[in-house]
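There are two complexes below, and they share chain A, which is joined by chain B in the first and by chain C in the second.
On to the complex of A and B.
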């Protein structure tokens, strides 16, 4: 009786929004600002970071951090394109947007597994 | 000293005269305690009897007098002239609806959508009258009361950019009213309403712009109701997929 596959995309969008709003800023503050400006002394040396991301939980964390915001932005971008007038190509727009998020997710998984 | 006046620039359209829509400017007395609707009534009574518009209660209850006032959807009985004085006030019919005449819009689309969501109590089986009324706790009433305050004024449709771009969108008030019954402990019709709600033109067209909630004169919060409907539909979906054997 389900008419729509929207719930799956919307739930990924919603979860991605939470990650992008709450987790991503912390990550950016740590590695993007604190580490880059040298505030963290040697907390972010290559050896230490590599040891950290070798742990499965760290990899899972990075996977979630990368993948879910991709679906969030895909969903937003899809509706922005529709609002801008690409109503006729709704199907194609959805395939391209979510396809890019799926591709990014697979890529992230491959990189993280090989770390 | 001359009495102060204020100008109302009013959208005029009389299709039977074959004229293109135009704005006409009326200079009316400015009174501090007048609302825009008072000004329009003054024009109708004293200056130009051909002006057509809807109104009834003058007190924000009937939902008839919604208009675009300086581009914002508002009840003209709740928009004071003093908010705009000494600048002119531009009055137009509600956006996103076809115009019947002057400030009167065609509301057939909204009335049709309202019926589609079955805004009444649906019961699998009516209990006999002898068993008494359906009782509710105050907490059960609170669940849906906010959504029951809707006065069908259609300001949310005029405010919603999604409805402006996609007229098939079910729209804020209809979804909020569907939720008003979905969340009522006496109702058993949620599955039936999902047929209409859980579709692309139903809740999933909404991108949570939130203008409906801003425009609503009775604080229904249609945007919030749509978000709740999305969560419910998503939980349904995961239950279907992950627990296909589960009986809901």
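On to the complex of A and C.
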């Protein structure tokens, strides 16, 4: 039997789904709303945020937070396109979706290592 | 007969099939929450790179995050993320069958512990950052 890469993508999808379910709402509220509106000014000064995100645990957390849900999104988006009728280019759709998640993961690693 | 090989009939589905019924529509909404989450993650990664780039770049990006369109996106993304969390935790008992002494742990306990973990993690992050 030919080996399938499907279990790998599915595992990343499931792990990303858990991470997104647990922390995406609070993360969006923190950086997309609280920081954007300038709530708690001293919490979002450059010096404090730099110190916070530079900590090794924060970097690891941010890497997991960004990478795994990207694979979750890629997997869902892939099957949404197919459900919407894009059946001809199945292979290409998979490559583009997972490729974007891999690219995002590499970029996240580079940004976080260089902090 | 020029076409000797007959192909099986395939019923074509219009791309708007998910608009025909409430359950299909909610399924599609759930699937599309992932797009909002993915865009948010890209914006977050840009934010981190701006923090690394220095104070001026970071403050300029905060101003960008505060513009009405970007703020509106984040409000929508928050709603999408909440919908993902709720649907995910409600599905968890169906994917995870836990047995204690041959008895199946009730769905409500599995879903409930997920919700408790969600609240605890959210509160912890809120407390660490703010």
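Criterion: the second predicted complex is superposed on the first by the 112 of 115 C-alpha atoms of A that agree within 3 Å, B and C clash if a C-alpha of one lies under 4 Å from a C-alpha of the other, contacts with A are read in each partner's own complex, and residues count from 1 in each chain.
Assume a contact is a pair of C-beta atoms (placed from the backbone, for glycine too) under 8 Å apart; a residue touches a chain by one contact, two chains touch by 3 or more.
Quick caveat, the model's predicted, so the values are computed rather than measured.
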item	value
Partner chain in contact with A:30 - chain B first, chain C second, else both or neither	second
Of chain B and chain C, the chain that contacts the larger number of chain A residues	C
Touched partner set for A:21, first chain B, second chain C, both or neither	second
Which superposed partner A:95 touches (first chain B, second chain C, both, neither)	neither
Touching partner for A:106 - first (chain B), second (chain C), both, neither	neither
Which of chain B and chain C A:77 touches, first, second, both or neither	second
First (chain B), second (chain C), both or neither touched by A:10	first
On chain A, positions contacted by chain B and by chain C	79, 83
Sites on chain A touched by chain B in the complex	1-4, 6-8, 10-11, 14, 79, 83, 87
Residues of chain B defined as touching chain A within the complex	161-162, 165-166, 191, 194-195, 198-200, 204, 207, 230, 233-234, 236-238, 240
Chain C residues touching chain A - in the complex, by the definition given at the top	12-15, 18, 28, 31-32, 34-35, 37-38, 40-45, 47-49, 51-52, 54-55, 58-59, 62, 65-66, 70-71, 73-75, 77-78, 81-82, 84-85, 88-89, 114, 117-118, 121-122, 125-126, 128-130
Partner chain C, residues of chain A touching it in the complex	17-18, 20-40, 43-44, 46-47, 49-50, 52-53, 62, 65-66, 69-70, 72-74, 76-77, 79-80, 83-85, 104, 107-108, 111-112, 114-115
